[in-house]
Amino acid sequence: MGSDVERLVMGRYVVRRLGQLVVVVLGATMVLFACLFVLPGDPVGQIAGSDKARDPAVIEQLHKQYGLDKPLVVQYGSYVGKLAKGDLGQDYTQGRPVTEILAPKLLNTAKLAVVAIVFDVIIGIAAGVIAAMRRYSVWDITVTFSTTLAIGVPSIVLGMIMQWVFVIKLGWFPLISDGTFNSLILPAFTLAIIDAALVAQIARSTMLEVMGADYVKTAVAKGLSRPVVLLRHILRNSVIPVITYVGISFGALLGGAIITETIFNWDGIGLALVTAIQQNNNPIIVGVVTISVAVFVVLNLIVDLLYAALDPRIRLA
Amino acid sequence: GGGDDDASKDKGNGGSGKAGGTFRLGITEPVSIDPYNAQESEGILVTDNLFSGLYEPTADGQVVPVLAESKQVSADGKTWTFKIKAGTKFSNGEAVDAESFVRGWNRVAQKKAASDVAYHMAGIAGFEDVQSGKTDKMSGLSAPDATTLQVKLSAPDFEFDTKTTHTVFSPVPKVAGDAKNAAYNAAPIGNGPFKMDGKWEHNKKITLVRNDDYGLKKAKLDKVEISILNAANSANLEYQGFQSGQFDWARMPTPQLKPAKAKYEPQGEWLELDTNGMNYLLPITDNGPLKSAKAREAVSYAIDRDAIIAGVFQGMQTKSTTILPPVFKDVYTKDLCTSCVKQDKAKAKALAKEAGLKPGTTIDIGYNTGAGHEEWVQAVAQQLEDVLGVKVKASGKPFAELLADQQKPGATGAYRFAWGADYPTPDNFLFPLLSTSSINKDDSGKVTGDNRGRYSNKKFDDLLSKARATKDLPARNELYKQAEKVAMDDVALIPLWNRTQLRLVNTKKFADVKMDFHEDPNLAELSLK
Amino acid sequence: MADIEKKPVDATPNVTEVAKTEASTETAAVNAIEEPAAQGEPIIQVRNLVKHFPLTQGILFKKQVGAVKAVDGISFDLYAGETLGIVGESGCGKSTVAKLLMLLEQATAGEIFYKGQDITKLSGRALKAVRRNIQMVFQDPYTSLNPRMTVGDIIGEPFDIHPEVAPKGDRRRRVQELLDVVGLNPEYINRYPHQFSGGQRQRIGIARGLALNPEIIICDEPVSALDVSVQAQVINLMEKLQDEFNLSYLFIAHDLSIVRHISDRVGVMYLGKMAEIGTDAQIYEHPTHPYTQALLSAVPVPDPEAREGRERIILSGDVPSPANPPSGCRFRTRCWKAQDKCATEVPLLAVPERFKASKTPAAHESACHFAEEKDVVHAAS
Amino acid sequence: MTELVTGKEGPAAAGPTAEQQGAEPTVVRVSQWSDIRARFFANKLAVLGLFILVVLVIVAVFAPLLAPFDPLKQDLANTLQAPGGDHLLGTDSLGRDQLSRLIYGSRIAMIVGMASILVACTIGIVLGALAGYFGRLIDSVIMRVADVFFAFPLLIGAIVVILLMGRGVLPVVLSLGIFSWATFARLLRSQILSVREMDYVHAARALGASQFRTIRRHILPNSLTAVLVYATSNVGIAIVAEASLSYLGVGVPPEVAEWGNMIAAGRDFMGVKDFMWMYPSLAIVVTALGFVLLGNGLRDALDPKLR
Amino acid sequence: MKTNKLNEQAEGDDMTSAETAGGSGPDKAAPLLEVRDLQVEFKVRDNVTKAVNGVSYSVDAGETLAVLGESGSGKSVTAQAIMGILDSPPGRISGGEIYFQGQEILSMPENERRRLRGAKMAMIFQDALSSLNPVLSVGFQLGEMFRAHRGMSRKDAKAKAIELMDRVRIPAAKQRVGDYPHEFSGGMRQRIMIAMALALEPDLIIADEPTTALDVTVQAQVMDLLAELQREYNMGLILITHDLGVVADVADKIAVMYAGRIVETAPVHEIYKRPAHPYTEGLLASIPRLDQKGQELYAIKGLPPNLQNIPSGCAFNPRCARAEDVCRTDIPVLSQVTERDGTELVGRGSACHFWKETIHG
């Protein structure tokens, strides 16, 4: 059909969704600002990591430097103003730009998340497909059972067990996360496993649904070979809900990253958040939340676009 | 004696070890490695090796000269004149002269720097004006010639030389610019035994190499590789790294202390030192249930320090019975705190009764979370409840909140507290923690000084003033001792345990490794085996 | 079945006067509504009824970008005691008409007079009184019964809402009576809908509709979802009830045979407009609108003997979208008779000029510029 | 009753009685709930889940009777005792009895798990119902707000609230509730949107039922099941989240006998005193599994498609 | 009754294939498709649904067989069993044979069977929208036939697809070949389904309610097209429907199913005049006719049977006015229907103990 028109519609859709992104991110930072403002204690009242209070002159100077001497609304306004330019402010301990501090950590978390999602999708879809294809068989039961189990095992526990078994007992992986792929495997796996189980369950049930769909009957009735039916007609239609789920789960993944990163000391934004909280390093807290909310919204937009690309029935409007 | 003018004192590493080698260790991300704001052990580790100042502290609390050839103090204790060793250079070739000291110190004090450690210079005349931004040079500083540094103080201080052991008093070259010079801050050019190899890779690593042009005794190590670890469990990582041969120096997580000691002590790789810090319970002395000294003494008696050290710390700490840590050999008076020596339930109860502590009284104990204090605080809380029958409310908070709590007017109860000396003098404990002038209430009644226990005793204050005005070191020390006794009799602080530092050291490869005053390895002196 | 006298051939709803009763007070309105309708008098008069569903876009504030013209200016009368059938293809607006009459949707424009009262403007007690008198039977017996209520609760709900109809103590008996009336075992009162078959559920729906003794029942495809062998049971039941309770039906269906069987008069809808309306004989035997003719010719006749001789009109193309209907006559895009005029002028629903004078059965309202009689049903014989 | 079924070839008045018509032999006289109950109890895993939870509830309720020691009682002379002897599951670094702490921990788990879901459910149901039923501006506004909350990863959101309110059971409950209502609201809204268009809702309105009655009798009962199933399976998630917060040091205060705290305390002892973290981990796993199984069982039992 | 006994044994299990059920017409040369005593059951949870209980019918080339019966009587399941696209599990063919062009296909290896599908026998489903893959363009789905069976290139297959779309009168086929199913109207979709079925000019087409989902006027378009193409290619057609009107228009012969069995077979003309089974009779009588308004409709009393619990004896007995004790105990077999004088009526059979009374009044 008129691809120009479609592109236009899509362009407008993307613009509209980006508008929504702005609304959501602003809403989130506003909530956060309000929260942090009410917190007791002067975030720069103290010398980092010691019991010493800062010199009042220094405090005054720091207040000025970080704009803490201004009313909240003004602070929020200037935050938003800077945010528009991609500036998340300066942190309270080293006075370095938050973006500069968080960039490598974000990269680390992204590494973790991407590998986790790859695990997620590969393990999940493979297990789901096997279970659906061999319905009611030992395979199916195994998958059903293990996914239920996996969903029940929280990542704090799973992470500790993995560390215990593979690092302490077997020594297969390093305890120190140096950013290498080897040190990435355990945390990524821990992060992935619950979602992988959910993906497997979704994949299984959509596969079963799709397998029972009339168009699959049509495909078989056309005399297509099994692999063609499976790949072209069943799998392609089954991945769509999986993708949607993976998109949504990314938000949860960022939440889960806090746990996994803490357990495995993976130097990502999750760990940065936990540390920042202990130190009342508000710019980092706001930065991490802003980033994760934005990432979540952007990813959902991408998923929607992907969804539309994979399923021509979906019209973006 | 810190008054020694002997600048060429050999540090006595007798040439036993070979030169060369790379020493590797892990630290957490420092706040700064530039002298203007280096503050904690990690930052100081780097700064101290990049810069050499007038004097430096030894692990056992002495002061030794480095660049200072001589010092002179006026009788009123307000003017200090230092002679600086000629001919030494910064690693960029620039000469280290008196001017470079003036430059460095002014750089710190400037308002814009907002340095956390600038207050160490507060005694120098003109500091206030620089801090408030009126000018950017302290009037008290001058360099009459290249090797003479003259410092005028606004109040008498016979220990100013001791203070200069702090890295904040380092000289800087011209290129340093002001304190906000990001390029310099990330790769400071100094005059120390080591120099930066590349710049500070945040959260990753810092590499130091030997400064072969060092004008004093050169270091033996070729290189120091400092990995920056996750603060969240750096002790674990250091320990693991040591075990796997990745690090030559490491801390250990508390639960691993026992097995680690059992394994490494026999191999001579175990290092244990009570350093310049103390852990206290900080009672609020002007308000609340611990207002009376008896109540505080009751609390002190009620705590079974031995049980906590054995149970919670697995015997790896030593009980504290003084205000001043044992590192100050000359003033240390063991068991000054009688109530600290042994738990005494009967005495505790009796004192509590006298002080009016009874069932129903609530004692708040505040502590900061995420720093490993949870357990012993709980243990203390339970002991107080058991022995005194009071109700203890232990609440953990992030640091800033805890501080705000301590500072707020009407604070009560006690807080977890620790103090480490910035330079080896008892004054650095007694004055900020306990002198009336360190309470420093502002208009709202908020305590802005470090004496957040609001301890105030004229006798104590007088003794301290007297000590400060005493030029003679032994006499001074004697006064400090008396002051400490006064405070201890009032149980102005409730000592818990010393700051005991435990390290693993790769003695298979390195010789002469010691822990310095800042709890760091003595990089400039250690050598390859 | 109902034996209503056929309406006079020149009965043209667009022309008939609406006997408006201006009720000044709510009580007056209620009284007017509760007045029983006289047999053979118009009980509902629909005038120029329009329903457009907006098509919207926007994040926080939606703006309208178009409209689905589901019903676009429809007028007809329903007489007391008669059955008016409405036929038409999927999406032509039949259900929307039903919902508008039930006041389940707000009309975009137009009026619905019930005993002279414009019910689109009523509220409060008067509205409640109207609701008592007009009931509905839905197409899908599976979705029209709340799965979490027992049959007794479902049929008894009307009494909860209109407590004046049956005293509390009497309700259970009334429910059982109703079950009996629709041919279900009164003991089923405690069962849930899922325990019944489609035909039985449809009976439950009918019983619910009857509970308040309404005058009018609007049936939106009441048998389409049922099995062939069960359809007849329900149709028979409905006819019997009509006789027994003197009901008026608006009977919507796409199955022309059933509509003819049950209806006294039939309206044919196309894309939100009424194409033709008349008595069953007029529509089935003397259709004058090409669409009606095509529709009738397309109906498969379950008689192989008839199939050879029949002339079938196979329409080309598909039904246009109601969001963007053709100009002029809406049927013109598929009509074999279409001329230029059809694209520009909207044909009015009226007795065609050429038949006006004569007394032929072809003289009924038809919205075609070129209305012409053509007997498709009997073409073979 | 009159004869309804007649015909021209009139099957010689074979007495088509209603009884015969309706007497479907397979339709046993069961109410909807007993039907659901039967289906639920036929599902072995679901029953296992229920069993686990019943045991847990009993343990939680009778904790004081079951626990051999006071969970807060320290014994510094006997810290880090290995399991066995007096202390069946050993002691922690303050010498507190692990088993007793585990038993008392079930209380926090249950209370926080259920209460936080109750909070989320309440907010979600009210807002979701408003959005779903009234639509238009109310819907837009509520859903945008829901988007904001939805975009916060649960833990991050919860941490922020706890930062604000301080540590403790109530903050944990509220923070978990506040950051999970969005899903409930969305779920309910979409359910309502579909139920709202069901013919039985139209039927009720056509009868003249008030809005309130329509919502209460027809819309809510039919849209809530999905929400309830989700709520059930989410109690497990809430419990895990709660333990995770404690593990991160922002949950309930560390002295409280709570599983996450116990794991956090045992974390550093990995490889040295593994019993410290293993038993509480096991407790969380079993509890979470119980809820997962119960949720799955309920979902299957309530799914009309499986009828 | 002798036939009764025989059939009860057959119910047991081992009925040899020689025993073609009932007397379904004279033995000609092997028909295009012959279904013999087909039985299919579904195992759902703890229940077994006996969807098909011994169905036999046959179709010749160029012939149209209409399979009638109400919802759930097993029409589609039989068709799916023939095509080999039964959902299994839970479905299972528990007995019977299917001969296609003289070959038994149930015992054929899957590979060979697959080659028959699409190429030799094709199927059209009721709901075209759900029967077309929503995420693939119609051109692709049409072309797939040629690529799978003829090994054509993508490009050639596309050209073929356009050709096919033209054949089924889809306007602007060239432009629309890349469109997706949802972009077509219902009638067009069904025509695309027909095009797909016809692609390889199969010998047999099974159309499962091809027009039920369509509007009346479009229904006529589509049925017309299908009948025309069938004649053109001389294909056998099995038309599954419950619309007796459609049947009258196109079928040559009729098989009426009830509760998984064939209850009556007959040439199309005869059945409308003289049904030989009370169910067929009731069905015909309950249809209101356009040209016969007036009386109350005849209605078959009672409810359709529950397949998990089929009444004993004749499944129709609870709803049958003629039912007597024998109907409640013995299952009637499909037996040859004769005139009063005993002359066999070609192609007619009835599974009623009282067919004589039914047909002859």
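Read from first to last, the chains carry the letters A, B, C, D and E; within each, the first residue is number 1.
Note that a contact is a pair of C-beta atoms (placed from the backbone, for glycine too) under 8 Å apart; a residue touches a chain by one contact, two chains touch by 3 or more.
Bear in mind the structure is a predicted one, so any value in this text is a computation, not a measurement.
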Chains touching both chain D and chain E, listed by label: A, C
Of all other chains, the one whose Cα centre sits farthest from chain C: B
Which of A-E and C-D has more C-beta pairs touching across its chains: C-D
Between chain C and chain B, distance of the C-alpha-averaged centres to the nearest whole Å: 92
Centre-of-Cα separation between chain B and chain A, whole angstrom: 41
Inter-chain centre distance, chain C versus chain E - centres from mean C-alpha coordinates, in Å: 35
Multi-partner residues of chain C (at least 2 other chains): 59-60, 197, 200, 233, 236
Per-residue overlap in chain E, given as positions that touch at least 2 other chains: 282, 286, 296-299, 301, 303
Shared-contact residues (touching 2 or more other chains) in chain B: 236, 369-370, 397-398
Chain B residues within the chain A interface of the complex: 29, 31-32, 39-40, 111-112, 114-116, 118-119, 131-132, 202-203, 229-233, 236-237, 240-241, 246, 368-371, 397-405, 407, 417-420, 442, 448-450, 452
Interfacial residue positions of chain D with respect to chain A in the complex: 45, 144-145, 147-148, 150-156, 159-161, 163-164, 236, 240, 243-244, 247-250, 260, 263, 267, 270-271, 274, 277, 281, 284-285, 288-289, 291-293, 296
Residue numbers on chain A that touch chain E, as the complex places them: 1, 135-136, 212-215, 217-225, 228, 232-233, 236-237, 240, 310-313
Complex contacts: residues of chain C adjacent to chain D: 59-62, 99, 102-104, 127-128, 131-132, 134-136, 138-140, 143-150, 157-158, 160-162, 180-181, 183-185, 188, 190-192, 194-197, 200, 205, 208, 212, 233, 236-237, 240
Complex interface listing, chain D residues touching chain B: 72, 74, 76-77, 79, 93-95, 163, 166-167, 249-250, 253-255, 265, 268-269, 272-273
